[in-house]
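Working notes for the structure below.
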Amino acid sequence: MEQEQPKKVRSEFIFFAWRNAKLRIGVSILLVFIVFAVVGPFLVKYDPYEYSGPMGAPPSREHWFGTTIFGQDVFSQFALGTRSTLTVGLLGGCIGTMVGILVGLLGGYRGGMLDEFLNVITNIILIIPTLAVLIIIAAYLEVRGILTQSLFIGLTAWPWAARAIRAQTFSLRVREFVDLARITGRSSLRIVLTEIAPNMMSYLLLVFILQFGGAVLNAATLDFIGLGPTKGVSLGLIMNNAVLWAALQLGMWWWLLPPGATIAAIVGALYITNVGLDEIFNPKLREM
Amino acid sequence: MGRYLGRKLLIYALTFFLAVTIDWMIPRFMPGDPVSLMIARIGTRPEAAEVLRGYFIQAFGLDVPLWQQYLNFWKALFQGDLGVSIWLYPQPVIKIIQRAIPYDLFILLPAILLSWFAGNHVGALAARARWLDNTLLPVGYLLTATPYMWLAILLAWSLGNVAGVFPIAGAYSFSIRPHLSLRFILDLLHHWFLPFLSLFLVMFGGWAIGMRNMIIYEMESDYSRYLEALGTPQKLIRKYAFRNAMLPQITGLALQLGGIVAGAVATEVVFAYPGIGYIILNAVQNQDYFLLQGCFLFIIIGVLLANFLIDIVYVIVDPRTRLGMTGE
Amino acid sequence: MLSLERVTKVYRLGAFGLQKLIAVRDVSFEIGEREIVSLIGESGSGKSTIGKLILRLTPITSGTIRFEGTDVSTLNGLSLKEYYRRVQGVFQDPFASFNPIFKADRVFRMVRDEFYPQVGMREWNEKVEGALRAVGLNPPDVLNKFPHQLSGGQLQRFLVARALLLDIRLLIADEIISMLDASTRVDVLNLLADLKARGLSILFITHDLSLGYYISERAIILYRGRIAEMGPTDKIYNRPLHPYTEMLMESVPRLDRKWEEEGRIERKAALTGSVPGGCVYADRCPKAMDICTREEPELKEAETGHFVACWAR
Amino acid sequence: MLQVENLTVYYKTIRGYVQALEKATFTLADGEIMGLAGESGCGKTTLGHSLIYLRPPMNYIGGRVVLDGQELPIWDMEKMQEFRYRHISLIPQYAMNALNPTRKIGKMIAELLESRGVSYSEILPELKRRLDLVQLTQDVLKMYPIELSGGMKQRMVMVISTLLNPSLLIADEITSALDVSTQKAVCEMLVEFRDRGFVKSTIIITHDISILYQIADSIMVMYAGQLSEKAPTEVVFQDPRHPYTRMLIGSLPKVGVRYQEERLRGIPGSPPQLLNPPPGCRFRDRCPVAFGRCTEVPPFLEISPGHSVACWRAF
């Protein structure tokens, strides 16, 4: 019976994961959008910028989400936009998390002047409003693609992650199992990778989810100001065009509402997943 | 206390220094020649292009060595010279920004303070009333997940376009000239309400959730348990928990400032509200780089000032920083 | 075998390391072959820091630590690994000593990876089982389990077994039984005595005086990073020379006599605490003289092998 | 005078009930300082806390608690409110963090007292006298907890907890975080509080039996959720009747004992899981004198005045 313990631990995790409604809801919504982002563009009948139908027509059989004021198919834009928005979120979230992990682990494990230095840098970038920097950078870029956008979003979003990971590393570093690895003659890099990082996996997942959500929102805001990808479509860009071409004044709700609702749903699902995972990883938050 | 504020001030000074440097660096070190780019985008006749080029080179100060350009940039900055706008040529950038700032304060101050106040109180209530908790949590998460501009669009469409209760563009009606009268003030407030509400709502969700989580954490802490074991009524325990949960919320306010700025920019764009955000949109559309740079600097300065104010408030409310017991 | 010469450790605190905390100051002592030395002190005495310095877990500020004649601070890479082959440590918290997400026997695998990559799996497993039996564990009971499935006592034995896999000469035992239950404490303590019988030397770091008496031949009393008194255990316990040691001996809850039976120590002395110049104990010392607040006393040999740092002696 | 009868408290977990306290029956006389000893997880803290503050995941299963002739509604968080602090009080294990970090201590005490309907200004002179007694200056009332050292906070909490002269005081592991010298001072203060009548009786929960030898009038030993033995301190040390008590005391190193001369022995094995404990005496597996009868739960019986044991061999 004793031998079965480890299995029990794992099954306990699954038990809580399954029982957690927040996680179930969050993950299902995310899955729906991810599937849509993958499959959606194949269902599209028109080029997103092609003038393919009547101008400013409400949703119909032919144009599921109606058309823009120029007669472009909103659904085509929407399907491609969802894909690019999720891509930016994923890439930007990855980059932000990576840099955060690097800076946090390095400063937290090494300590001393290096940490002091990284800490000051982190604090400075934390204070500077990310969007302002992004606007300046994006404005001067001649060609903006999804990749550059993700890169810049990731590179400005890491500070809080670094701070949180640094604090975690700090508390793990003084644990005795790290000392034990050191007196076994392990190198610092190996200790960080094999002793400290595995203990933060759940935490890193949470950080990534939040970075993901943040990147989606940041990208949407940038696109909305008109600093999005110079080619291609994104959900922010759809809203940008809609507002610029007076969709509000004309009451073209089909042009205005779907992109924002999708962003809200994706980010909301990410947040809810985050809370659910937090409850599972952190037994204190479990409701008995 | 001195140490705490001193350290913060040092960081702010470094931040400002870095921000100005970024502002100076980006047009010079980004790939491509910004001057040709601008001229190409403005797309004038060749003769005019030459004049423009001369002007730009002089304005950027590109004809002197880099270090001198950098020093000149700082010098001009301290003289309040941020260059001349291209979009509203020949108005100085600083004038345009000065005109916009009152609108930003008018929207942001009430939205930040009220959402913070209301969010904290509602969050604290949610921590003890289960029905409120069950409704507040989903609503709160949905609100924080909503992009600022979309909530703005939603409000403008529903309350402005469909219901027709509020205007959806501008700071006041075109038909009225700004002057001090009840009619004008009411008109101002009428235009102000929707942008304010959209900012307020998004922020409110975040504060309420933050407060709810913090207060639950505080109610589980050792001092709460001790008071409970001594039979203290819940009222006092909650009061303490609320007070202590406020502290991280104050720090949170400082951390959220960047996001709030972004929100304000997006909201102003939706409502064509003549604050910095609206200027940024126009600067972007008109390739007005001087104006963008100026806006960037003003945002940084505003955020730093706000951060410092929050620090002072924090020192006043948390005895631990006053006694120099914590470093961060 | 191991000698410390005027070892000092200063921690830098606060922003940019502007504040200093002297954790250990001018500490010199030796550990001989087959000897158990107790390092006794209250919290903040620097006893754990000394253990960490010997294990090279934190850099030394000044002074030298020599192991069999070699300056430990000069070691690096392979030579440091050789040092760890001979000097090992076991720490206070058995549960924190194991990475909670891995099985407990991972600590053995790590030793093999780092020190014996050439040894075959079968031979290695036999060696591990031998070490486990040597510390009184039944291999099938404890192998292939997660740390939380084992008791604190079992985990501490596990770590001793881990050290035994190497050719160790010196074991630094830092408060290794303070978190164990009374019923298993003494067994781990006895294990240390068995190790000594196998030819090991042990530095037994503790805050519990009765444990120090049970296990060690020599004891060192630390107070705020300085050695207050050092000498054969029975002499220190039965005829303490330093007023601090005296106070400790009176305060420790003993099972052979009650506090009331002796004169009550001045309570105030035990409760204040500020940092003066001169002797660090002067502010609490009932025998403090003028010189105590001005100059710091050196460690002097009061009788053969019994050292004390006190102006009153 | 405290009478506890068949008090049973379980912890609710997802796998079922952890039987942390099983049918505890004992009495505590006025003026008695009783030490409650046992290994970690034996239920001593559960017993202590259930007397004042029984909240989930602790579940009241059964039993009666009578204090000074009045039955305590320990299963009812609300009704217990009246008894807490005034009649039963607690010095928690986490005394170092028990004070609100952002309130001045004096103000916190004032608010605490007012909330219980006691006038701060009336009690202030007595509060100051007691601060003197525990060697704290009156200035601490104007300080924040962070300005106090660990030992000072510990004493501050001692004064606060006993300010209303409760009949019963539960002191939970109050010495474990302290240095030897401070530990002694704090223990002596506990005795003095009793001597001066600030509290009638005290339960000291600790894993350090040598402390109990110094200050307790009686010692109650618990094992795996069951009471093993309760007797006056001297009797527990001179003539323990439960094998667990005997082995536990036998395993304690004493100054004057060295391993070369007298090799002490621990208790082999480990306590049973309390999720599904084996029937009968829970010490059975580790007991050197266990026999057939031990599969039945031994009653906790008084074998001589003030000396109760739960062991078939002792009857």
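Each chain gets a letter, A, B, C and D, in the order it is written, and its residues are counted from 1.
Operating definition for what follows: a contact is a pair of C-beta atoms (placed from the backbone, for glycine too) under 8 Å apart; a residue touches a chain by one contact, two chains touch by 3 or more.
Here the structure is a predicted model, which is why all the values come from computation and not from measurement.
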{"item": "Set of chains adjacent to chain A and to chain D", "value": "B, C"}
{"item": "Pair of chains with maximal C-beta contact number", "value": "A-B"}
{"item": "Chain located farthest away, centre of chain C as origin (C-alpha)", "value": "B"}
{"item": "Chain nearest the overall C-alpha centroid of the shown protein atoms", "value": "A"}
{"item": "Rounded Å distance between chain C and chain D, as computed from the means of their C-alpha atoms", "value": "31"}
{"item": "Geometric centre distance via CA averages, chain B-chain A, whole Å", "value": "22"}
{"item": "Whole-Å gap separating chain A and chain C, where each centre is the average of the chain's CA atoms", "value": "49"}
{"item": "Distance from chain D to chain B - Cα centre to Cα centre, in angstrom", "value": "55"}
{"item": "Parts of chain B lying in touch with chain D, wherever the complex brings them together", "value": "221-223, 225-233, 235-236, 240, 243-244, 247, 317-320, 323, 325"}
{"item": "Sites on chain A touched by chain B in the complex", "value": "120, 123-124, 126-133, 135-137, 139-142, 160, 213, 217-218, 220-221, 224-227, 236, 239, 242-243, 248-249, 251, 253, 256-257, 259-261, 263-272, 275, 284"}
{"item": "Partner chain C, residues of chain D touching it in the complex", "value": "39-40, 135, 149, 151, 179-185, 187-188, 207-211, 213-215, 237, 247-248, 251-259, 263-267, 270"}
{"item": "Complex interface listing, chain B residues touching chain A", "value": "11-12, 14-15, 18-19, 22-23, 26-27, 30-32, 34, 37, 141-142, 144-151, 153-154, 156-157, 160-162, 168-169, 220, 255, 257-259, 261-262, 265-266, 269-270, 280-281, 283-285, 289, 292-293, 295-296, 299-300, 303-304, 307"}
{"item": "Residue ranges of chain C in contact with chain A within the complex", "value": "15-17, 52, 55-57, 80-81, 84, 88-89, 91-93, 96-103, 107, 110-111, 114-115, 144-146, 149, 159"}
